[in-house]
Amino acid sequence: MAREEPLTVADVARLAEARLPKELWDYVAGGSGAETTLAANRAALDAVAVLPRVLGGAEAPNPTTRLLGSPAAVPLAVAPMAYQRLLHPDGELATAEAAAVAGVPYVVSTLSSVTVEDIAKTGATTWFQLYWLRSRGLVEALVARAEDAGCEALVVTVDVPIMGRRPRDVRNSFVLPDDVIAAHLDDGALSRAHDAVAGESAIAAHTAAAFAPAVRWADIGWLRNRTSLPLVLKGILDPRDAALAVESGVDAVVVSNHGGRQLDGAAPSVLALPAVAEAVAGRADVYLDSGVRAGTDILRALASGADGVFVGRPVLYGLAVDGVRGAGHVLTLLAAEFRDAMTLAGCADVRAARALSTVRL
Amino acid sequence: MAREEPLTVADVARLAEARLPKELWDYVAGGSGAETTLAANRAALDAVAVLPRVLGGAEAPNPTTRLLGSPAAVPLAVAPMAYQRLLHPDGELATAEAAAVAGVPYVVSTLSSVTVEDIAKTGATTWFQLYWLRSRGLVEALVARAEDAGCEALVVTVDVPIMGRRPRDVRNSFVLPDDVIAAHLDDGALSRAHDAVAGESAIAAHTAAAFAPAVRWADIGWLRNRTSLPLVLKGILDPRDAALAVESGVDAVVVSNHGGRQLDGAAPSVLALPAVAEAVAGRADVYLDSGVRAGTDILRALASGADGVFVGRPVLYGLAVDGVRGAGHVLTLLAAEFRDAMTLAGCADVRAARALSTVRL
Amino acid sequence: MAREEPLTVADVARLAEARLPKELWDYVAGGSGAETTLAANRAALDAVAVLPRVLGGAEAPNPTTRLLGSPAAVPLAVAPMAYQRLLHPDGELATAEAAAVAGVPYVVSTLSSVTVEDIAKTGATTWFQLYWLRSRGLVEALVARAEDAGCEALVVTVDVPIMGRRPRDVRNSFVLPDDVIAAHLDDGALSRAHDAVAGESAIAAHTAAAFAPAVRWADIGWLRNRTSLPLVLKGILDPRDAALAVESGVDAVVVSNHGGRQLDGAAPSVLALPAVAEAVAGRADVYLDSGVRAGTDILRALASGADGVFVGRPVLYGLAVDGVRGAGHVLTLLAAEFRDAMTLAGCADVRAARALSTVRL
Amino acid sequence: MAREEPLTVADVARLAEARLPKELWDYVAGGSGAETTLAANRAALDAVAVLPRVLGGAEAPNPTTRLLGSPAAVPLAVAPMAYQRLLHPDGELATAEAAAVAGVPYVVSTLSSVTVEDIAKTGATTWFQLYWLRSRGLVEALVARAEDAGCEALVVTVDVPIMGRRPRDVRNSFVLPDDVIAAHLDDGALSRAHDAVAGESAIAAHTAAAFAPAVRWADIGWLRNRTSLPLVLKGILDPRDAALAVESGVDAVVVSNHGGRQLDGAAPSVLALPAVAEAVAGRADVYLDSGVRAGTDILRALASGADGVFVGRPVLYGLAVDGVRGAGHVLTLLAAEFRDAMTLAGCADVRAARALSTVRL
């Protein structure tokens, strides 16, 4: 990525698609079902038109913010994503280092192919993402491990009671290569993600075996009592759930449809965002996930009620293209685009961006 | 359908199209007029975006329900469809057996190419669909025959005063082959569906000859008194008619535009559904028909006010591809997709699915 | 059109396009400017989705109505169209005879290439369309001539102060052939429509020379006093003008954008219709013009507030393909489609069609 | 452009694209980011459907108006555009002369490649556009120079704190040729626009160096006191800013997203226009900029609340094709189209056009 730098995330995505084996590209870029929600995420973001302000900006707008207690150079965190060594030998070490350099929180996946302890050595601000495993003891152990590793928040993913059926993976008979493992889980549970299952994705089968499909609000309450770390629920779309989250003592919700990978037919995040933000009413942070591909999308999200965004696939595209440099380039690009967007929208700081008005195309 | 199982109904449809003679494919897949309503059915369903709930689901959601008095493994019934032996020698025996295995009601068409008595032997829960024939005596005989055969409900199709003009059939000079007959009707009336009529579909000409074009609410009243079976009116789109149906003692209405085969320009069912459900106000069941192609569509329908859905063409596609195995595969697929959709939407049961919110894309 | 009868107006249009010289096809089928309004007319009609009624129809619905004082076999009149001998030697004689056979009013254009007296001999119910010529004496003479010829209404076209610029005609250097003349006008005024004008349509130049560009409401008042015939204003889109029309003693308004041939950017008729119908409030008839291509469009128009429709280009397409038989085929097709649509929508008569509800796609 | 005159601005654009080197076409025609706003400008204008009036027009509608104190033959001004000698050796002299002939105000860019004094000699009514330079002294000198040259208004562009990133220019490594300079600025500041900058547009780099990125309302206040010329703010989309502008003593606002060249994701001007017009409430003029390509667009803008429009790229397309004749042809075309649109919409004058109603497609 040295001389002919890609100018946009779309450029990076094209490079990644050209470089990756089809089954890996499909695994990363694809969605569930007919990919209706996957497409709707982008269409809905594109349809958010912002009314920029004028004559109230700053020479150098201040894009920094705090996401929970963690400082962020821009209102962006790297979303939790599994098995990143699929895309590059450095895997999570590369993306976390890129996040560290970019000054944004990095969310370590339960299914990380590198341990949280090794990731912590990159110096990134880490949050730990929890898939709720069938074994309560294993959950507790993961929480303790995250605390010990210095993670500054726990992100409970609540939209994966099972894995959404992703036809591309099934058609590709996608399985994990032997050398990519979920570094935080024991070998017994893991082995299943490496064997082909007729008519099914190996990863989906593994998920079904390892994850608890019926996490309840009471489990969130238990976790709230178990840890003093800030708690984030990722995968909220209904404002009634957002209100319940606040009442459960949660510190942030992530409005997400898992990038169109879980319930196909779920609402695009940005359409669900305003009602969620209204229900939360400032009592917790609200982040938008699913579909962010440019700095203007961060602005659109903030103008629609978010405190920040999670960015997923773009970071993986960068990782696939050039490891830490590629992932870093994507974060640099998004940060620069967002700063430019703030400037162009006349926003001196993140608070001003959140006060922008929008119209729907 | 053994080794390379189709993953979606769309896959099955492609296989069926490849296998069927064009005139049969067109007869099944086509619609009336400019096929505006046919296309709008899908577009409108795709535009229903659901807000899934979280942390309130169940490990194994319960997709069972009761449709009228009949138990259903999923809130789905096989829609009444004529002349199924056109698509496979086993015809209705195959689709009914598939319904029996799937545990969902099977609606026997007046124009079934297999008798209701033979269908009953499959063990399926059967409902009998009534086209209102010109002869009141014949109607009465059909009702008695359905009752005697153990049908558990009568489904009166009210949107076929005449058959909608379907240009594909006319262009194909579509006629029934000699060996496919309407097994419940006498030979005299039937013969007309097998002769070419210039500039017209033979089936449309037969319909005009056999069916009463001016069924009235009073006829429904007569039928209500004539039978103690639950009554369903299929083909309601206007909430004023839904209210009249309830006042006529009807037990369920099916919001349907006959799969885009009758009035071209009629509203997509799912756009008409909410007002119908509001007019019915729980006093009868409300089912959605026309356009259901995936388990997520069942979820969309329930979230829009339906108690269940009718599925038509997909079952015929499966039948065409592999007889009872193909039809069964389609029902298994839809049931599995619906269970997954419930799980992903955090719904422990059908009642929870009906409480989901939606936004329109 | 004997053996391979076209099944739809779209079929007839394709046949006409194949048969006509490009410049004639363009003249008939084209619109003004970027043809935005031309396309929007169809899109807006397609987006009108009807909620059919059930169980209240009739075996043979009654599609007859009265348009002003004139009986009509269906709520349809043949729109005024100039110079029909361009398309077939029989010109207006053929289309009027087709209207006579179909039992619908025929509107004779001021720019008819056949005289109103000759047209009257076809037995058609005729209305006479007035372009307001620069010479008041000529207007008065046309009115008297129409009265003497037995015309039953006067249709004043109010949306042609000048002719909309139609790029296709200009690019084609379209001029009238020598043998097609405006039979009601004197030779002097006519000659100009047959000479090429650099960078302009010859017909547009002729219009500018012959027509009064500033007709006023006072002129309508003068005409109201001058004749006892029913008066129709064609080309109303704004409800304020509809109200003024009623106050001027007009008997009907035609909601029209001249088939997308005048102001490009004007609203599609069917979007303007409901507000016009509301403003008129039953004090005059309201007809829809511009975009009607099928019987379902007539139903859509009635359900949106119209008492009837004007049909233009389809009749010319039929004329071009097969003279009186072709034009007749189109009217037969539209009438049959409308009867079918009424039946399918459960409408025993035109009043019932006007009581249908619609939703917008 | 003599014999085969282009009929529409789209024709002129095609000719310009064929004639210009790709990098110049891209510089003129392109937009920022993903060009979402660029495309939305046109889509939003196309979706404004006008309800024309009838019987209230004039034989020769009066399209003249006053824009601020300046008379205008049509409610149109030539937008400020930089470096016009890129497109034709005559540059601004040609476009200003075309504006003089057309009788519309011409806005001289701060980055004009011809001096305001030379432009003034064309006889055009000139307004001077101010980019707020880092040096207050330079701003003051520009204002004085504009006043001395007889400019009748100052147009402060407020939507360029920085230049929007335009991927086409970056990919083309676009730099100004040596012989095209910003004639009002000193050589030191200018030189930077002629050197390639890795991964950046040379013009963007120059903008960053020369322009003040943080102009404030207080600066507008200072300018208001500094000059007695009417003040225009160009680049307002939010009605709150429109209200602030009025309170700052501004005489007009231009609703603009800079032709889709600044914040990608900004609202299309015509969607923002009605709320801005409502906020201004007649206390200042309101002009629409961004996307105007035809006379009907001027009508759409007026019907949506504007007092006039700015036209940019079309004039450059004409300039590129044939210098002063090409630019003049475009303005003649737009004026003729607007007069025709007024006539067709029944508008005797500009006030009547502003009273038209619209519906959204």
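Going by the order they are written in, the chains are A, B, C and D; count residues from 1 in each one.
Going forward, a contact is a pair of C-beta atoms (placed from the backbone, for glycine too) under 8 Å apart; a residue touches a chain by one contact, two chains touch by 3 or more.
What you see is a predicted model; the values in this text were computed from it and never measured.
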| item | value |
| --- | --- |
| Path length in steps (a step moves to a chain that is touched) from chain A to chain C | 2 |
| Partner chains that chain B and chain C have in common | none |
| Classification of the chain A:chain D interface as same or different, half of numbers criterion | different |
| Centroid distance [mean C-alpha coordinates] between chain D and chain C, Å | 41 |
| Mean-CA-position distance for chain D and chain B (Å) | 59 |
| Shared interface positions of chain B, touching two or more other chains | none |
| Topology of the chain contact graph, where touching chains are joined (line, ring, star, complete, other) | ring |
| Interface residues, chain B side, partner chain C - complex | 33-34, 36-37, 40, 43-44, 158-159, 161-162, 164-165, 167, 170-171, 199, 212-217, 219-220, 233, 235-238, 240-241, 244, 257, 262-268, 271-272 |
| Residues of chain D defined as touching chain C within the complex | 5, 7-8, 10, 46, 48-60, 294, 296-297, 299-300, 337, 340-341, 343-346, 356-359, 361 |
